[in-house]
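A single structure is presented below for examination.
In this document, chain identifiers A, B and C correspond to the written order of the chains, with residue numbering beginning at 1 in each.
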Amino acid sequence: MTLAEESERIVRARAAAPVRRPAPRTGGVVRRVVSRYWTIAVLLVGWQLWASLNGYNRIVVPQPGEVVADVVGNSGAYLPDLLATLGMSAAGLLTGMAAGVALAVAVWTSPLVSGMTTPIALIMRSVPVVAMIPVLARVFGYGWQTVLVITTIVSFFPAFVFVAARLRDAPRSTSDVFAVLGASRVTVLRRLLLPHAVPGLLVAFRLTAPSAVLAAMLAEYLMGGRGLGVLFAQSVSFYQPERAWGTALVATVVSVACFVGARAVERRGLARMT
Amino acid sequence: MSALLARVPRRTVLPAVAGIVLLVVAADAIGRLGLAGAAWPTVTDVVDYLTSPTAQTLLGRALAATGTAAAIGFVAGGLGALALALLGALLPAAGPGLDRLAAVVHAVPLIALAPLLVTTVGREGTSTVIAALAAGFAVFVAATSALASTARAGRDVFAVLGASRLSTVLRLQLPAGLPTIVDGLTLAAPAAVLGAVIGEWFGARRGLGVLLVSAMQNVQIPLLWSAALSAAALSLAAYVLLVALRGWVTRRFT
Amino acid sequence: MSQPAIALQSVVKEFPLRRGTAVRALDRFDLQIADGEFVAVLGPSGCGKSTVLRLVAGLDTPSEGTVTIEGARPADLVRGHRLGVAFQEHALLPWASARANVELPWKVAGRPVDTARVDELLELVGLTGFADARPRQLSGGMRQRVAIARALALTPDVLLLDEPFGALDAVTRRRMNLELARIWAEERITTLLVTHDVDEAVLLADRVVVMTGRPGRVRHTESIDFPRPRRTEVTRDPAFHEIVDRLTRLLDESDEPGHSDAAA
């Protein structure tokens, strides 16, 4: 197994979506909802019980109601930071995935480029990129540039690996048809390989979208500036527990929404391309 | 790394080595020419620092702390995830809910867990718990898919033999799914290291994450890079270890 | 016969295996196809039929001997976009509609799409109503018809078909054979068809070439003189069955030990 295959296998393994189980046969909608979301309900009830039974005061553990009230009542306080984080994540996703596709095409073009970049890609894979935020913060400065850099790096690797893999495994008979029709390499790339690589890009997108949001928030948390991470850091240091937990709640909802959205995009895209 | 390189055919070694040499030379050149500003040291700066005794005790202690948190998190998270996956296989009614929970817990940004963890398990425990969650998710995904993908025919044979659900899971699905589960473990090991480092950002007293943040704030450039390299090395070591384990399992069970 | 459209002269094709060994797929294989002739190549599985077709298509090069089309190398025809091909797998682009798939050869050649010809081809293969459907919305037989329309798109000098109906059920396959016979009667393109279905070969071809087991050589050549256009009545002609039986017997003998993989 070459290094490229090894790293590809790993990322592929990570791409496996949680299994879709067949829904229990008996019972109606209620049962289905209960069977899917009972764990979430248990979490919420547990939080409430834990907060009230221990008699924590609100500085230590605010109750779910108080947190939701702060988010809904003071949404103006959350919105600018939410938009800043989302903007940075989206920008990083775009540049990172574009760079990943570009390098994948470069690797496809030349075996030399491929041989030289593969170990670098493997090293990048093994480096805990998100843990490198402090280094990047020093190199690129405290500010939005660094947030963009980190979200870009996070988005880069999966796009590179999945697109590179798809560029290599176009169906043989279709490639033969292109060869017999006298297609140039550029035509093969444009009309066969790139469209064929779209599903790979979609998988990369599903994997990356929540990580990009998380990386953006961590970078903001460490460096300051704007964004949900900053809002969280500030509300912790100014003893605003509802705001801190509210930020956590908003971050969770955003992240889950990104995951669900990315998965929907992937499903629709796959249906279109295959 | 050597475990990986050993399997690489010779003709791909040359460009690979060239690529790595180029990377180091480029990193050094950027430092020497100051292309990336003062925060980018030369390779020799970092090597000098790494070889000094003070640095070695400092980094050694941090490595031990982070390594311990990651290891405990890996074992606890892995076992917990495996138990949950088995529960899902034994009680099909609970399965979808567990899947949702895993997806949600994974999507919850670590930063959102921080306030919860700091109040429940304290500043020191946070890093272990985040490591456990990160590792656990990787194992859970691998284990559910491994248990679910046992060939239909095999399960039908067990059903016809009148095997109980428990014995089907233990005697058929689990052994058959072992390679996939070990694949999940190879992903979980670096994930645990990353989780431990990030967990230390929320107020731990010791560890590579602490060094990273304090070196960033105090502009201690060689320390910053040394800590980063140590974190990367720890993650790589965890990964290589698990790849070796996977090799052994594959030889033994397939 | 004047200069043949396609000529394979004592072609040898070997595929390297591990450690210096090689499989000899074709051994001094000779075949000539006249301009406007339809030749079917029959043979047991693994005898090198697809190899012959790939050599003519320029997808592989012979180890020894020569392959020429109209006196030139296959690669030259490929460069002029003058070959059409269809395989057992339809090899359609899954993201493109039937129409877009038929338009592909023009786009590949960098020529403006001849919309009238595309319409005509879709009508020829009976898919006018399905121009906008994507491959997975079509049945197996319909996909194969799109693939054939695509192969015919640029009115190629040579049409190459490698078991184009191999993945279809027997009934659909027979229908597709009759349809191809009709289409071919209209276009009359020099055609090389590779198949292991004897009925298909006899129904469609002017000449059937039976190959030996691996390494493949020409074992027998049979001229088929039924008048065109050939319709389903041909298949009820006793002469048809006599030829089919004879060729089937030859094939069975080619498959016996000594000729086939069992010896290898």
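FYI, a residue touches a chain if its C-beta (ideal position, glycine included) is under 8 Å from a C-beta of that chain, and two chains touch if they have at least 3 such contacts.
Per UniProt, the chains are A, B = NitT/TauT family transport system permease protein; C = NitT/TauT family transport system ATP-binding protein.
As the structure is a computational prediction, the values presented were derived from the model and not from experiment.
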item: Relative to subunit B, chain with the most remote C-alpha centre; value: C
item: Centrality ranking, top chain (CA atoms only); value: A
item: Separation of subunit A from subunit B, taking each centre as the mean of its C-alpha atoms, in whole Å; value: 17
item: Inter-centroid spacing, subunit C versus subunit A (mean Cα positions, whole Å); value: 48
item: Gap in Å, rounded to a whole number, between the CA centres of subunit C and subunit B; value: 54
item: Footprint of subunit A on subunit B - complex, ascending; value: 4, 7-9, 12, 14-20, 22-23, 36-37, 39-40, 92-104, 106-116, 119, 138, 141-142, 144-145, 148-149, 183-184, 186-187, 190, 193-194, 197-198, 201, 208-209, 212-213, 215-216, 219, 221, 224-225, 228, 231-232, 235-236, 239
item: Touch list for subunit A against partner subunit C, complex; value: 171, 173-174, 176-183, 187, 191-192, 195, 198, 272-274
item: Subunit A to subunit B touching residues, read off their complex; value: 1-3, 6, 10, 13-14, 16, 18-19, 21, 23-24, 35-40, 43, 56, 60-61, 112, 114-120, 122-123, 126-128, 130-132, 134-135, 137-139, 210, 213-214, 217-218, 221-222, 228-229, 232, 236, 241, 244-245, 247-249, 251-252, 255-256, 258-259
item: Partner subunit A, residues of subunit C touching it in the complex; value: 54, 57-59, 78-81, 83-85, 87-89, 91-95, 104-105, 107-110, 136, 150, 160
